[in-house]
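Paired with chain B in one complex and with chain C in the other, chain A is shared by the two complexes that follow.
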Partner chain A sequence: MFTVPRLLFLCFAFIALGSAVRMVVAHQVFHAAFWLILSFFGIAALYVMLEAPFMTGLQLFLYIGGVAVLNIMAIMVTRQMMHPRRTANDPLTAALMAFSTFSFILWMILQLPFPNEPQVPAPVGNLPVIGELLVDVNGYALPFELVSLLLFVVLLSVLYLAKER
Partner chain B sequence: MLEILRFLSDFFVNAGALLQQWFHQWGLSAAWSRVVLDIAGSLIIVAVPFTAIFFLIWVTRKVIARIQDRLGPNNSGTWAGPFALFQTVADAIKILTKEFIVPIGADKSIFFIAPIFVLLAALAIWVVVPFGPSGMQGADLSIGIFYVVSISSLALFSIVMAGWSSRNKYAIIGAFRGVSQIVSYEIPQVLAILPPVMLTGSLSMQDIVMAQDIPYIVSLPVPAFIFLLAVLAEIGRLPLEQAEADAEIVAGYFTEYSGMMFGAFYLAEFINNFAAGVIFATLFLGGWRGPFVEQIPVLGAFWLLLKAFLVFLIFCFFWGAMPRLRIDHILSLNWKFLVPLALVTLPVLALSNKLLPYIGVTSPWGQALCLLGVNIAVAAGAAWSLTWVDDYVNRQSEELHMTFVMPSVAPEFGDLLVDGDDLLQESS
Partner chain C sequence: MIPLSWYLMLAAALFCVGLYGMLAERHLITMLMSLELMLNAVILNMVAFARYLEPQALHGKTFALFIYALAAADAVLGLALTVLVWRNRDTVAIDKINTLKG
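Take a look at the complex of A and B:
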């Protein structure tokens, strides 16, 4: 029942979920940002347990090194961050919005069929497999290029917005 | 006698095997002996940077003192040893006895976590550093160098945590500068890591070392140069030291720390400097490879640390001899020079490396020399375009002078090299 991997899984899942809850109920936005980082760490640890080192690296690099850094920079340039107590202007609408977003995402996740077996059997060194699939015409070449295009457009529009006029 | 020498020649691997044998005789199960050996191994890995920096802090102080025409730590006190070699120990003991001061209004929990976090981030890199041919590495992760890049962004969080929680204007200014500097220099850093990874065909640190029959500094000098500058900004050393510019904002993000909490930042800074040297040595200088490593694998660690020490000495010379750049100059050096250069270098190198077999170059030395030529061409192109931009800006400003007086249009690369206000150096 309680094997070591299972205990570790429970531990990391608890870290991920617990810090996510703490993030939501934190009084200070800055603390919330750090609880979010801890939650990301918990998920990275879960990827380690799944023996997916590349996903772990991506989780660390993109979510902690990218998303969380952006969060913190946004918080740092916001005024009056040191005031702990804050209430929403319209708590009822806020709750409705949060609930509807949550249920929509939950509905979307439940729509996906969960495969019992991996769609592409991964050999031990799975990094070249990911790379080849990403640029393979029969693989994910089109979505990959579309995402690059999207990011390029985002970059250009940010440059346009940030231009001094 | 010969047996002992053979044992010592691959000490860490043999000692591990011997210990495992002993554990087996004592009736420990295989899994538990693995756990004990792993803990011992990680303690050794952590011990390497900690012992190294006690020496390196002394070296830094001596080198900077010589550059500034001083003697540096020199027989201060009665027991500091020859050439004050143990000055660092005395400093450590002094710092341990000091009081922790927490500013009023500081965010206490984050204030206390930050020094722990900065040390964790500094030590985590050492897991993937290959010290020798086989067995002398914490873990040969298949994402090796990618792990290093991801971990180095954690250093940024310790800066933010320390700077924000201190409730101090200097600290928050330092944190702002540190964040903007590190975030922007991450781009050329990653772009400069890609060429060696491309030539190796693997992200694993051990594979990168094994592929360097000829060190990559020969075939990839331009990416090595970009990486050196980017990593210099990442660890915040002069001339790119704005997060803790101690002539302007006291000590930057760790202004409010005292006692051993300050010590943690100080140690982490030196560990990061040395780790930067180690990573540079692994990527571009051939890592643990050197004469006689095949016969005596333990020598690998020596060669790696020696190379890392030489890179560290370069950082020291910079520290002693360079003025501090202004933050906008630092950022424009990155966005207007390093990023475009790295973006041009990467596809040019990739294409020429693919084309080499078609023009009949197959030997490793031929390949390395051809890539060196390509690098020199790219560097010459960069230098030419810089002078062109400089001329262009000068002509523009002359035209502006005719209509109304305006000193200069924008800081350009030529202006970066000398900055009158910042010529005054710290004297630590």
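Take a look at the complex of A and C:
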């Protein structure tokens, strides 16, 4: 039942989920940012277990190196570092909604016969194939170009927004 | 090996923790952090499905890459708007940003 990979999975899942919960209930915004980073680390470890090392690298570079650091910088700029945070009037309703959503998804997962083992062999050296698929006209060339256009527009709009007027 | 449903349950739990943070929060930056947690749960689902059910795991990972790009875009734009709101109103609490309230 509890083999080594399963125990490893449970360990990383505990890190990811536990620090996510701590992020949501943290008393200070700055602490919440650090718990979020720990949660991202747990998810990156799970990508290693899914034999997707490229996704692990992306998770570390993009989320921890990019988004989390950007969050911390935004907290510093808005001087919210040591302010105690206030929650909504009624966190109980929010908890109830989140819990009911979770039980609905859990019910749906338990209805379906998901496999216990991977049905396909582990992908070997498929990163060049993904790269070709991204720029293939019959693949994802159009969404790829749209995403690059989106990132360009975001860059311009953030520059415009951040300008002192 | 690990059953696929374990990954799906973990992703559902992460998504719902993010949902709780989104609903119970009054602070723009932590709302954005909860949003990133929800997006992470979705990406974990994509990668798990790609590993378990798809030969070569191509399309699931490609979708995950697109979600990464969109998540980066919305984080950058959201934080820029947060800083802008703070600059104009000296607060980032969403219950104080109520000019449009009738």
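The definition used in the following text is that the second predicted complex is superposed on the first by the 120 of 165 C-alpha atoms of A that agree within 3 Å, B and C clash if a C-alpha of one lies under 4 Å from a C-alpha of the other, contacts with A are read in each partner's own complex, and residues count from 1 in each chain.
Assume contacts are C-beta pairs under 8 Å (C-beta built on N, C-alpha and C of every residue); 3 or more make two chains touch, one makes a residue touch a chain.
Here the structure is a predicted model, which is why all the values come from computation and not from measurement.
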Partner chain in contact with A:Phe152 - chain B first, chain C second, else both or neither: neither
Which of chain B and chain C A:Leu106 touches, first, second, both or neither: second
Touching partner for A:Ile37 - first (chain B), second (chain C), both, neither: first
First, second, both or neither for A:Tyr140, with chain B first and chain C second: second
First, second, both or neither for A:Leu60, with chain B first and chain C second: first
Winner by number of chain A residues touched, once chain B and chain C are compared: C
Touching both chain C and chain B, counted on chain A across the two superposed complexes: 54, 73, 126
Chain C to chain A touching residues, read off their complex: 1-10, 12-21, 23-27, 29-30, 32-34, 36-37, 40, 43-44, 47-48, 50-59, 61-62, 64-66, 68-73, 75-77, 79-84, 86, 92-93
Footprint of chain A on chain B - complex, ascending: 105, 107, 109-110, 141-143, 146-147, 149-151, 153-154, 156-157, 160-161, 164, 167, 172, 175-176, 179, 183, 186, 202-203
In the complex, chain A residues that touch chain C: 5-6, 9, 13, 16-17, 20-21, 23-24, 29, 32-33, 36, 39-40, 43, 46-47, 49-52, 54-55, 58, 62-63, 66-67, 70-71, 73-75, 77-78, 80, 85-88, 91, 93-95, 97-99, 101-102, 105-106, 109-110, 114-120, 122-123, 126, 129-130, 133-134, 139-140, 143, 147, 150-151, 154, 157-158, 161-162
Residue numbers on chain A that touch chain B, as the complex places them: 28, 30-31, 34, 37, 53-54, 56-57, 60-61, 64-65, 68-69, 72-73, 76, 82, 125-127
